[in-house]
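Just passing along the structure, written as structure tokens.
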Amino acid sequence: MSIFIGKDTTLVVQGITGRDGSFHSKQMIEYGTRVVAGVTPGKGGQTFEGTVPIFNTVADAVASSGANTSVIYVPPMYAADAIIEAADAGIQFIVAITEGVPVLDMTRVYAFVKDKGARLLGPNCPGLISPGESKVGIIPGSICAPGPVGVVSRSGTLTYEIVYQLTRAGIGQTTCVGIGGDPINGTNFIDALAAFEADPATRAVCMMGEIGGTDEQEAAQFVKDHMTKPVVGFIAGQTAPPGRRMGHAGAIISGSAGTAAEKIQAFEDAGIGVARRPIDFVDLIKARLR
Amino acid sequence: MNIHEYQAKEILRGLGAPIPPGEVATTSAEAEAIASRIGKPVVVKAQVHVGGRGKAGGVKLAKTPAEARERADAILGMQIKGLTVEKVLVTEAADIASEAYVGIILDRASKKPVFMVSPAGGIDIEEVAATTPEKILKLPIDTRYGLQPYQAMRLGFFLYDDLAKARAASKIMQQLYTAFMQSGCSLAEINPLVVTPAGELIAVDGKMVIDDNELDRRPAVAAMRDESAEEPSEVLARNASLTFIKLDGNVGCVVNGAGLAMATMDLVKYYGGDPANFLDIGGSSNPEKVVSALQIITADPNVKAILFNIFGGITRTDDVANGIVTATKKNPLKVPIVIRLTGTNEEIAMKILTENGFSASSDMDEAVKKAVALATGGKAA
Amino acid sequence: MSIFIGKDTTLVVQGITGRDGSFHSKQMIEYGTRVVAGVTPGKGGQTFEGTVPIFNTVADAVASSGANTSVIYVPPMYAADAIIEAADAGIQFIVAITEGVPVLDMTRVYAFVKDKGARLLGPNCPGLISPGESKVGIIPGSICAPGPVGVVSRSGTLTYEIVYQLTRAGIGQTTCVGIGGDPINGTNFIDALAAFEADPATRAVCMMGEIGGTDEQEAAQFVKDHMTKPVVGFIAGQTAPPGRRMGHAGAIISGSAGTAAEKIQAFEDAGIGVARRPIDFVDLIKARLR
Amino acid sequence: MNIHEYQAKEILRGLGAPIPPGEVATTSAEAEAIASRIGKPVVVKAQVHVGGRGKAGGVKLAKTPAEARERADAILGMQIKGLTVEKVLVTEAADIASEAYVGIILDRASKKPVFMVSPAGGIDIEEVAATTPEKILKLPIDTRYGLQPYQAMRLGFFLYDDLAKARAASKIMQQLYTAFMQSGCSLAEINPLVVTPAGELIAVDGKMVIDDNELDRRPAVAAMRDESAEEPSEVLARNASLTFIKLDGNVGCVVNGAGLAMATMDLVKYYGGDPANFLDIGGSSNPEKVVSALQIITADPNVKAILFNIFGGITRTDDVANGIVTATKKNPLKVPIVIRLTGTNEEIAMKILTENGFSASSDMDEAVKKAVALATGGKAA
């Protein structure tokens, strides 16, 4: 079992003929993801890698392929349009990989997607993977293994690091979800935690947060109030100076708010196991899976 | 991206907001000339991208043009929180009957721009929020509709009981919102919004922070960047497409991915070291980026050891290894380097490094411990 | 009993100190409507007629008075803002009397009100009256009487005409609703018909339509499919030339669509009694109330 | 409000749409001069606010300036569906490879502007809708978001398979949508949108209808009104704040309220008469409006009887009675008048009328019957 994607996922790739889109489409197909359509305006009627039909619009792609999920690899200035197009075409789960999407664009996009009843993951995220079932995005399949742990994170490579260590320690994953590093995104920690709580195969959850905003604090409250499964958490950015954007658009301490210290405190208050170092996840999770 | 007060005020003035006359100067002679043109007492204000310039002595009243020259002389070249003042704004001094705060921030929780206004202006709004939160009205704006007239009036009435002042304020709200949206801001504020003894509203200070992601499609806004007001190493890094933030520690860090970069810095600290910087070489790094990264880091005299931490996903670790070899051949390192590489093409990378006399490990924890030990002069733990 | 308004209606009047607002507020108070607040920016703190408190904003008025209904008498260029303000303040039923509201404004207003889960009546409508209970708008109370007939109409004075004739013939009304003559309005025939069907006191319904659009045709289908109570209908504009706006912004035959003939046909097909003349309502309703 | 083709095209040209060169002329000499300036074959097109001008001979090709003069001579002054042609557009003739239809209407059902596009252009879109509906794509636009790029591209691809043409078309969609929103339209269309043999897109005809309710806040659009292209009595009525539409019957109607006015006209017809007009004196009518209304109606030689039907709600019936008395004192009536009044201040009104020699009833049905009888020369039924 898994959350958000699984064996039933049928995927349309928006921007399938672009540099990133084509590279990762091949990777996804290789991993076993059911890539059923691609979209590149003007290339409608062609095929990608000889097997995946390409369409001019997402509406055409959905009408023809019945795709239920979309992944977006288009340049930042076109990402908002691509997300809205996917939601408008009836896609229920949209994964936006693109980094650098103007945050004001996301205020409109978020409202649109919500009105359509769809779920957006990202933007500026690595996507997600349900080991052995489906991979949507850019998380390397080789570092994952099927198993009982749900992983949710605001970052990309830090997630790889921790998933890799879990896998090496023999701890597999139900789904690894990167929610992205932007201040306004479609899916937050609570959404993923609630899904893991509801997923019978998930027995424990790893949550990797960082400085900026209060998403982790609200997630901690959610864990305290609604979760029966154990959660282990980590916060990156203890050494970050205030007022500076630490790579991720959302990783910024505003005034005195959004520090690592307050987030770690919230984790502790909620009974979440706190990993001080990335490597600590292994022992903390092991203890909770016993 | 931060822009200066004078730039924010020019944007607002262009939208019709009541901004007192003023111009920017880079020399004291210019400051004197501007004060003469204004012909009234002026305030000379340091233009730097940090808060607290008033307390640091960067804002001074001058009654005459000669006094303006003196003040400018004192302020120009001054260091405020590590940044040198290169420009001053010389602007008409305002008579103040009352001060209010008006700001818009892009709010993560509501996923909307949120107006914050308070009749308790002129001071740090965080302080007001902490001590007298009832003096702040927060109003989220749905960008699909924009700031509606009734919302602007509601904000105006929160500041002033009087209809004329509430109307004038509501107009300024519209102007600030327009500035916020047109420039792609993550923050825009007027603090203080002043009522003069004559009952007129004027915006005495203005601040705007631009979402970096907006700059590609807003060349006019991007052109407002003042590289002279930034840390030179950060300017260099940006021009090399690196995300770099200078810190005061002794372990130079080169990492791929922002989250892993922060986690690496934290681990340096955990093991008793101090990171010299945040540096993310990005997803699809090429050898040239690595070369630039090493140049920037080695230019910092505080750096006593360099730590690479690369988890290859999209990033090919062999690209990084080649970058290290190229860079160090050109400019031999004067400080020790610790390399951690794993993931895509790890074996090729290790081979390249070994052949060129570098050792590398695949374990993050171990690498960080070693770098800290080297930087602090101790032994690897 | 009644629909949309009744004894529980507590009303805030937007534009209470304006020419129309003050005149009709007095009329409503006189009729017995519970006018609990008024709004005129800058007059907050004053009172209307010595009894109704005035506020600067609808938010203030609702917070202080708990009003659940709003009626709007503001100039056309401010009407959209007033409606959105009311919905945003939590008002659940908003009656917009104002005529001349730009139709494009209504595209945004309609979406906003819908998102808030509120109901809008109008704009460009006479409001509504539940005889003996409450009156919101401008329908003269003197021509109405309590009774078993629901009335819904796109027009103002034509409604008065017919209500007056019903009342003179001893046939009272549960509620008389003017949905307004604009092409985009908040409440349509179906909304009112469904409410009358659900109202136990209503035993028959009079529906006065006119040329333009297809609202009557859809209403006829609704009557056929969902209504157990008898309905008598009338269509104004049989002599209207195509392509001309007959006073009401919505009363226009576009191309060959929206004619009186097709609407009357739809009524007949749905088993709706068709009044050929306004006066015919009396006999047709009488026959259906027996 | 209708605007002319040449005005719609000017708006679109101002937004960058590909409109062939052309100018408007009111004389044949001007038409010739314009044709000379264009220097290519032109089309001379009658500018009137009715459809079917092509069939009526109001659109003619002219290969030379002299021919353009001849064509303009023939068209200017021509009657098309009762309206006199006062202006012609002289515009470059287009080479046509294919014709498409692009339109936006403000749709009541979806409560949104709806794009309608069809590769079957150049003909009446209602005909396409009736015969080959699959050749039409209808796309509602949420005005909170505006026309999104993907929607414009989808519309473009519906018309053209080719990417370059689809892109060019999507740009025109954006321009048409902008025109629609900026001018406050209820309809805007380009028909035909032509592809030339060289593969370029041009808008050969343009039409825009403005929502009358928008005119107050759009003075530049309101200024486009061409009163010379309207029925003179309707211009007069509008300037007196009356809603008036001229018809061909013999019973002049003065009513308060649009619905009641239509119902009154229908009842005239029901009893065998023919309404001479639609006239709504509005809600808060004053005596002056009644005076203007009577002036306009009595100026129509077809009118054989005048019918007042007033249901006093906001309208005070005594105001109306006073208006009738004032107007008929100034200009004694030459046709019979039937007055029906009921509602607010009915008794006062009846008294005023009786004192001035008018009779009045309070029954609509009866009054209409009587007016029809008087107009048709029969007796009151």
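Some points to look at:
Lettered A, B, C and D in written order, each chain numbered from 1.
By our rule, a residue touches a chain if its C-beta (ideal position, glycine included) is under 8 Å from a C-beta of that chain, and two chains touch if they have at least 3 such contacts.
Remember, predicted model here, so these are calculated numbers, not experimental data.
Set against the C-alpha centre of chain C, every other chain centre is closer than that of B. A count of C-beta contacts for the chain pairs B-C and C-D puts C-D on top.
One inter-chain figure worth recording: chain A and chain D are separated by 55 Å, centre to centre, where each centre is the mean of the chain's CA atoms. Separating the centre of chain C from that of chain D, both taken as means of CA atoms, is a distance of 28 Å. Our note on geometry: chain A versus chain C, Cα centroid distance of 49 Å, whole angstroms.
The multi-chain contact residues of chain B, meaning those touching 2 or more other chains, are 144-145. Shared interface positions of chain A, defined as residues touching 2 or more other chains, are 108. Taken as a contact graph, with one node per protein chain and an edge wherever two chains touch, the assembly fits none of the named shapes, being neither a line, a ring, a star nor a complete graph. Every pair of chains meeting the contact definition is listed here: A-B, A-D, B-C, B-D, C-D. Of all residues in chain B, only 144-145 touch chain D in the complex they form.
Of all residues in chain B, only 105-106, 108-109, 111-113, 126, 142-144, 181, 184, 186, 211-214, 216-217, 243, 245, 247, 255-263, 265-270, 274-275, 278, 280, 283, 311, 313-315, 342-344, 364-365 touch chain A in the complex they form. Listing the residues of chain B that touch chain C in their complex gives 145, 148-151, 153-154, 157, 161, 163, 166.
Those residues of chain C that touch chain B in the shared complex are 41-42, 44, 56-59, 78, 81-82, 84-85, 88, 108, 112. Only residues 20, 76-77, 99-104, 106-108, 110-111, 126, 138-140, 143, 153-161, 164, 181, 183-184, 208, 210-215, 234, 236-241, 244-251, 254-256, 260, 276-279 of chain C touch chain D when the two sit together in their complex.
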